[in-house]
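Here subunit A shows up in two complexes: once beside subunit B, once beside subunit C.
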Partner chain A sequence: MARPNKTLRRNLIALSLVAPFTLTFLLVFAWPTFKVIQLSLTDAPLIGDGTWVGLQNYRELLDDRIFWVALKNNGYFLVLTIVPTTVLALLIALAVNRLRGWMQPFILAIFFLPYILPVSVVTLVWQWMLDFQFGVLQPMIEAIFGKRTAVFRDPTWVMPVIALVTIWWTNGFNVLLFLAGLRNIPTELYEAAALDGATPRQRFWRVTWPLLWPVTALVLTLQLILQLKLFDQVYLLSQGGPFNTSQVLLLLVYNEAFQQNNGGYASAIAMVLFVIILVVSVMQFQLLRIGRHR
Partner chain B sequence: MAMGVSLKNVKKSFGAVDVIHDVSIEIPKGDFAVFVGPSGCGKSTLLRMIAGLEETSGGRIEIDGKDVTDEEPADRGVAMVFQNYALYPHLTVYDNMAFSLRLAKAKKEEIREKVAEAARILQLTEHLAKRPAKLSGGQRQRVAIGRAIVRQPSVFLFDEPLSNLDAELRVQMRLELARLHRQIGATMIYVTHDQVEAMTLADDIFVLKDGWVQQAGSPLKLYDDPDNRFVGGFIGSPAMNFFAGEVSGGGGGRMEVRTEVGGKVFTAARRGEVSSGQKVTLGIRPEHLKLSEEGLRAKVDMVEQLGGVSYLHVKLEDGSNVVVERHGLREALEGQTVGLAADPDDILVFDQEGRRLR
Partner chain C sequence: MSTTRRIENALLTLLTLVGAAIWFFPLYWAGVTSLRTEDRVVSADAGLLPDQFNLSSISDALFNTRMLTWYWNSVGTSLILTVIVIVSGMMCAYAISQMRFPGRRLLYGIVLASFMIPAQALVVSQFILMFQMGLINTWAGIILPQLIVPVVIIVYKQFFDSVPKEMREAVLLDGGGEYALLFRVYLPLNWGITTALAIVTFIGAWNSFFWPFLVVTTEAKMTIPVGITQVSDAFGVYYARLMSVALLGAMPVAVAYLLFQRRVTEAVMISSGVKG
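Entry: the complex of A and B
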């Protein structure tokens, strides 16, 4: 008799506990998302309503050369960052993991430090280091490439350098994830492998690498999402220039919405980016999961 | 006799801490040797040195007559079974067992045969496709043993392999290990702090304490004829009873000792010299204590009745505990006062440093 009553009560309690979160979620995520979708189907300016234009914005997008340039640049940036930063973080974590005593937290702190800096400080630091006249890195560039270069105003240099800055800024967190993963692998497994006759190289590829794969998959996926949302660094370092060579989707959204006052069109670009992130990250995560089960 | 493993003046220190002091032992080929001792005495360290997982700070380690002190673990012809199994979680049972053979670039055919054979011996055939996470504790332990078997090492090393199993499974696996040893006849070194495992499995037991070998010998030798108080107390369950006392007389192969508590005189067989007034400790096993009217006064505190055997936990005047083993006890003795006595031949005498006086 008491049973259904009890279940009901339990459900009500659960509901009341998740309610604040659910309401907040609906208010600050679901509703704006819905509005953006709605907006992307109108010719609305930044503020105020527009008229319904159906898929007109999306059709226009297909013919917008800058949109394709930005999309391509986003892809280029992914290539420049995701795998390099993952490999780098893994190598650093492997090295740090070998350190003993006070050295380990000390070295780790050095690698992690950039991560806690705000992006504006990061970009300032690098702008200063790479300054055409006074930058401390310019002599090095000159020594290697024969001449000084204003990297943020050079079509070839701009994206790779932004990628470099981004990796320097965010890599510490990945190192931390890898380090946690490495610590989760029991030492006995390496000892068993040593007794089984595995060389250090084989120990890495047959024990460390497969056991670390879930962490690697996580790092790759987090990186993919993070780097697709590239905006701050470009906005602060190159404003998308020169000649749109560092133009990316989020910057385009910003320009269309806040500079050109095209709320509807900006919303359409935002929707495209949203769908890309969703599809690509889900796809990648599934792919990586399959990889784990061979 | 050909030696399977011999250690010559082996030492180990971690930094300034000496963990193994000058250990020299000989383990014949095909022997089942057990290292036993309390926690922290250096059993695992010694085993890991034989495996090559810890460097030796001094001395020589020989396996099958060959000096392996500076050899890599893989080149020593040893296989090790770890306490927590150390199975590769991402590989199936088959791949776990095939791991070393694949690294050694063995032929597919050969790998299949060896793994199948090990799986048959260990009754793992139907589990070959599973991953370790899907196995029970006992099955995992068998996979760990299988991984050792396929390598056909000349020495098997076990570090407390049964301590993660429940009591029933432990007894069962103990029997299986004994059977396995008979079947493949390789040298085995087994580390445990459980003296029952040591007694039941070993051809030779090495009792360790604080990095020293206290005594080596067959289980019964250690049980009947311990060299010191530590070995006497460590081997045997329930443990040997100790009574502090003082030599009060003797001669002619006898020695009389008056106990500190209760002041009763026990007579022990003794060949050597005795000096009156010397402080000694008597060691008497539970099964050697008899109940007798004239004996040392004690009060029965508790009786553990197992049917055939029963253990009387009696208390002396000063409250110290003594265990007496009785067979076929049927009376209720709790609360009664009894007297404890023993035959001279069943009483061991130790000096103040714990050394046996023979």
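Entry: the complex of A and C
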């Protein structure tokens, strides 16, 4: 049993070690979490006091057509990005993994480079490539679809093209995760499979795919959470238009709070997003934990 | 190897190269555009190949905008943020991993939970808080709400957990304290992971858009990702200049990545938990 003042001393040292993180956490995370819940129950503007209105904001949300459109668009964006980027990243990782010598780091760098670019660089470049008048991709669009298209002002095109830009931008991260997963597979397994006369296809489906599944699950769930937080690309490329066809929840939070000065209502929307992401994250945590314990 | 296998292999490599060329095309095209004159950029007979080496758009972008100010703001805020996140995360992880104190499990639970809280959903109340603290349009306002990076603590804790206990006891017997242990033993033993976490945190801070975009409204305090969105308004549709701005904005991190490619790659793998 340690002497009391020794224990006290140790606790104080521990306290001083955890204090910087804990205090910052309380100030910029815990307190704002509490405040955003409270705000969502008031009619407060962005800056200034409001009065308590109970669940009024949430009731209004249920009747707000734009809210449902935004929610649906968030879902549409998940469909457009999650599975395509995962499949594409796996294919690229397999292709990069079989390269030898200088080619491997070189080709990997090309696929990874967009991921480290600021989002506004990405959107500037794609806006230029898709410019209605001078865009280098417009002749191709014209050849395939018969006419030039201002893609970010077209209700049908806007979400798929934002999804395409997003995949180009973020896919390199997924490629890296798959590559790490592929490198973790012991080569003996492939040698054993080859000795048993397995075809390349059999080797993929019997060895690579099952052993890669934990990484695939990680990529899928990380993407799910990341893409739910969609804001930057939409704001920079289409501002939610045309006619709200690319309106998403976080953009709605921004518009209500910072454009319309409805702090309370914006907080209610933010709470919906908060809960959705929290639920998905908890599911991810459980899923990955189960995967690890097996 | 049979002939068919060899042809198959060559075809696969060729396919990979074509894919990489397509993937690189947007950046290539931005490069070609930035080196052309504005007239050439919009002329119908300018092909896909680089045909001019005109640096006026680039110097225009660098000196006739507030690019240099934005670089300074980006470097300053990202560096400060990275140092604070790494040092505070390391200290917290050390205490959780190596010391016994009341509330330890609760604290680690909070760290894991904050991993799941989307900061984006808190921007309204964080903005109000920064406003009340008078930090709108300041570096501190940009940095403060971005200081919670739980993955740093989680990764550090894993690495500290695996340091042999004998080292700890030896130092404690010699009369060293916990701080000495952390900074003289645990930190030097984990330099690799420290650089990895610092790289990932820095890239994240440099590229972050949403929060700096909300908390900064004057051009003089903008970071690169926010600042360069202002230029299109100022320049109109002068694409050579816009592409120069874009490439200049991308340059520092892109160059750093190409120089330290292996390190960055490993850092991303380690911090996402696919590599120990």
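Assume the second predicted complex is superposed on the first by the 265 of 294 C-alpha atoms of A that agree within 3 Å, B and C clash if a C-alpha of one lies under 4 Å from a C-alpha of the other, contacts with A are read in each partner's own complex, and residues count from 1 in each chain.
What we mean here is this: a contact is a pair of C-beta atoms (placed from the backbone, for glycine too) under 8 Å apart; a residue touches a chain by one contact, two chains touch by 3 or more.
All values reported here derive from a predicted model rather than from experimental measurement.
After superposition on subunit A, the partners subunit B and subunit C are accommodated together without colliding.
Look at A:F173: by the touch rule set out above, it reaches subunit C but stays clear of subunit B. Of the two partner chains placed by the overlay, neither subunit B nor subunit C lies in contact with A:F243. Touch criterion met: A:A198 reaches subunit B, while subunit C stays clear of it. In the superposed model, A:F25 lies in contact with subunit C only, and not with subunit B. By the touch criterion defined above, A:L17 reaches subunit C but does not reach subunit B. Set against each other, subunit B and subunit C differ in how many residues of subunit A they touch, and the higher count belongs to C. Think of it this way: put the two complexes on top of each other by chain A, and the tightest Cα contact between subunit B and subunit C is 7 Å. Put simply, subunit A uses no single residue to touch subunit B in one complex and subunit C in the other.
Of all residues in subunit A, those touching subunit B in their complex are 186, 188-189, 191-198, 202, 206-207, 210-211. Residues 12-13, 15-17, 19-20, 23-24, 26-27, 29-30, 33, 41-42, 48, 84, 87-89, 91-92, 94-96, 99-102, 104, 107, 110, 112, 114-129, 131, 144-145, 147-148, 153, 177-179, 182, 203, 206-207, 209-210, 214, 224-226, 228-229, 232, 237, 239, 242-243, 245-247, 249-250, 253-254, 257-258, 261-262, 264-265, 268-269, 272-275 of subunit C are the ones that touch subunit A when the two sit in their complex. Those residues of subunit B that touch subunit A in the complex are listed here as 51-53, 72-74, 78-80, 82, 84, 86, 88-90, 99-100, 103-104, 147, 151.
Subunit A makes touch with subunit C in their complex at residues 10-11, 13-15, 17-18, 20-22, 24-25, 27-29, 31-33, 35-36, 39, 46-47, 92, 95-96, 98-99, 103, 105, 107-114, 116-121, 124-126, 128-129, 131, 133-134, 136, 168, 173, 176-177, 180-181, 184, 215, 218, 222, 225, 228-229, 231-232, 236, 250, 253-254, 257-258, 263, 266-267, 270-271, 273-274, 277-278, 281-282, 285.
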